[in-house]
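Note sheet for the following structure.
Order of writing sets the labels: A, B, C and D. Residues in every chain begin at 1.
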């Protein structure tokens, strides 16, 4: 908690204290909150925000702590390790801007929303590059002075194509990879290179309408609601940990094409919101689920 | 359209003109609206509300017309038949109160909402009777002076149990049958007795989580949205024409039991709204879908 | 945090440990979370759930802690007082069922939903009594074996009427008073008897359409959304701290009466959800606002 | 209704029949639907879609008809006039792309969404020009090869500034003018030049929080929902006919700035949806309200 009087705050306004985010994920035990926050207190850190979740069924403890102050990462983590159960995961990262690479195919709306939000500050993100297996979105990307790499899959087998993309991606060392309507299935080998790092938008409220043409499936079923799902990618198609979902109403008068047209807005909105959560380190993957703080 | 001057309206206020609802469903053809409304005009009927839908892909025309005036049903339908394509379906029903029978098992929330809305006029319905395969909801039903029939399935095979319910139901000649969390699967024979007449509430946003324990399935999948679906019952489990769907947000902190607890409100709300649409003859079944006017 | 192995849990399943909820509200200071949870740990209490909020602008700290174990209230509060800033408010209450008195006028939908949810366990509440300034809802209340007091305002001035209600209410010592469409304005004297204790449902999304006939006001303005607001009652009409709000879509075809008809569902739903939050001690009043944990 | 067999449709696919939209707005009278659709039928026009609304309280009839075929505008309107009451308004416009001019100040999100949707076909619109009273959004606009006119209000009185904008606007003869976060109040004289033609986005769910700083007002009131309203501009600030509204949930943890940040998404979404309705001639202004077909 911040106990600086306002006068002090204004003095330090020109050189704000650095902020980091600590994610703790371990077996549940008595006294964990007291112990963890006690260590932070001993390190003279302010806790700006603190959120916990305990899965009582599985006895697992999660906490996200926004810390402010002069942080000695190694010393802090070492002291925290002393008070945590043996099996524990900790992540301590800067609270600032993250870097992403975006993969696309032909559709502009999700990429467009990320480009625009990055441009006006709606997302605190650096788009390092966009990679497309078509060159259709090159013009749009370059309007925003962001490099576009056209990596066609024509004449390449799946491994060769992914290898070509991999080289481009690794060059930028992104924190996260965003599939903004990238319409190809990734191999387990590619996914394994980026565990809990690839975010996909699927154009249905999963687990309904897995796979191809979800809007056509929705139209055929006669549903009254369609939706979109942002999730981390794992080895099973459309079955990775879900980050965010949202829906819109439709009715009998919608053709499959009109569902797709109206669905674009919810797709782009869900992807952008999921991305914001991920960029602010509010999402912890846990088995095939997420804790979203 | 109503062209009565207000003075006339107030004179007739004590004896309002009867209202009927005409549903027309036929092959599309040029001039249908003009021809149908022309016949109604010729019969000196006011059109209070008129709504059409054309499925241009399949060339099918649907219209719902609320008529006011002295209606000679047979003459009107005969004249309409003259202007419609040969393959046509027409339905002409009173706009007033409909009669239902409700089937239940153990859970009170959906039955409770229907009872309460019927009590205070939130639904324009006569609940002729409630039938339960447990007697748990007998007390609640009888508080509202509605007959409850306990038709246990114990010791009966499926056909015998349905036969016992069928006798009770037929006694009341209901317009519609409502499955308010009736947790047994009906046989095709039973369903065939009541085509497009049985309304079910399923506790998921179909087609996600078909079948048993949808909240547990939702919890295991880690979804961020749960929902409910009201649909007409046909021979395939949870696959009948959808009338209404709605969803609520959940997060990682919900257990399967808490999802079920919170889901009750959306279940009862979706069922009541679907029922209101059906009671007002706003729903037309078309293949495995509905047109909801 | 719960560190009981599962085997222990099942042993204690027949005599679960008591749970209490601790609300802390004080000036912000460094180390508060560590200090408070440290005291709880020292008292050998499990923290089942812990949620904090810091208003950094005003330097104010709020925490809600669900505690499990053998709690010595006085000793715990005394020890906590040692680690809190001088100006602090603490509230330590049982986690169990609360008692309410409901005030009504003529409309049944909000009362009906509370009665029904109390009946089937959707709300963990004891409805001690219902008081009406009309006797219209006496029949409905008594169906559920709950006392109804008809306290007519006819022939009484406002103070006399409130005095008559006050005597009834005090007899039941309710934890909360629920205005379930009670259509009279309460005097400051009455409200002062029950600070942050009276919950009202207003049939608009406040601050739009304060006062009388909000649906007619909404219809006249031609809004596309209507809503409902549950709030604590203070001395300014419809201006108390907001607990919960929700909306539904309307369109040009709705008359003011149809808005009112459709609004009932959102009114009852918002009131019930607000009540659940209040009953579970998730709501802290703070100035003219609420923190909802 | 379309009675073309599919084989014919594919033949005419290269030269589709022209479509127009007919809006009829007149005193209610018996037989209007039959008469209007009868005239269209006599002109050998297909009715692709037809929607009516009757305000029975005020005796007013509205109809929107999508017509397909070779339309002789003058002859059709003349024949329709024969069958309508004397006081009637008709509007017959091409169904195709409309032209807009966008007015902005400093914020990019609403303009950005319109630019992007226009770019990828999410809105069927030609953005003829953008006019800003600051030059901040010039770079963004010109990325999309659309002219930007910087018309500063510095050193000009209100009339002079509006006159300068008016000249630019008139040069482009737009169908509609969009205020995409244009933060200046327009004079009645300016508004009178463009009746029912100027669309504004206000960052609250009107009529709550009229005027300046609605997010700060919302934060001070402690609301749990914030929203946005798109409306036609008339002479009263924020009181023109409402086209579209939507809301998002907020809680105690949002600062006024965070409400504003999160509100941007709903602002841009509401404005784009309202614009789509207007562009497709689905909105009819009626007194201070809209009929949205």
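In the analysis below, contacts are C-beta pairs under 8 Å (C-beta built on N, C-alpha and C of every residue); 3 or more make two chains touch, one makes a residue touch a chain.
Remember, predicted model here, so these are calculated numbers, not experimental data.
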Remotest chain, chain C as reference, centres from CA atoms: D
Centre-to-centre distance between chain D and chain A (centres being mean Cα positions), rounded to whole Å: 35
Touch-based graph of the chains, sorted into line, ring, star, complete or other: complete
Contacting residues of chain C [partner chain A, same complex]: 1-3, 6, 28-34, 37-38, 40-41, 46-52, 54, 56, 59, 61
In the complex, chain A residues that touch chain D: 107-109, 112-113, 116-117, 119-120, 122, 140, 143-144, 261, 264-265, 269, 272
Complex contacts: residues of chain D adjacent to chain C: 53, 57, 205-209, 221-225, 227, 241-247, 251-253, 255, 286, 288-292
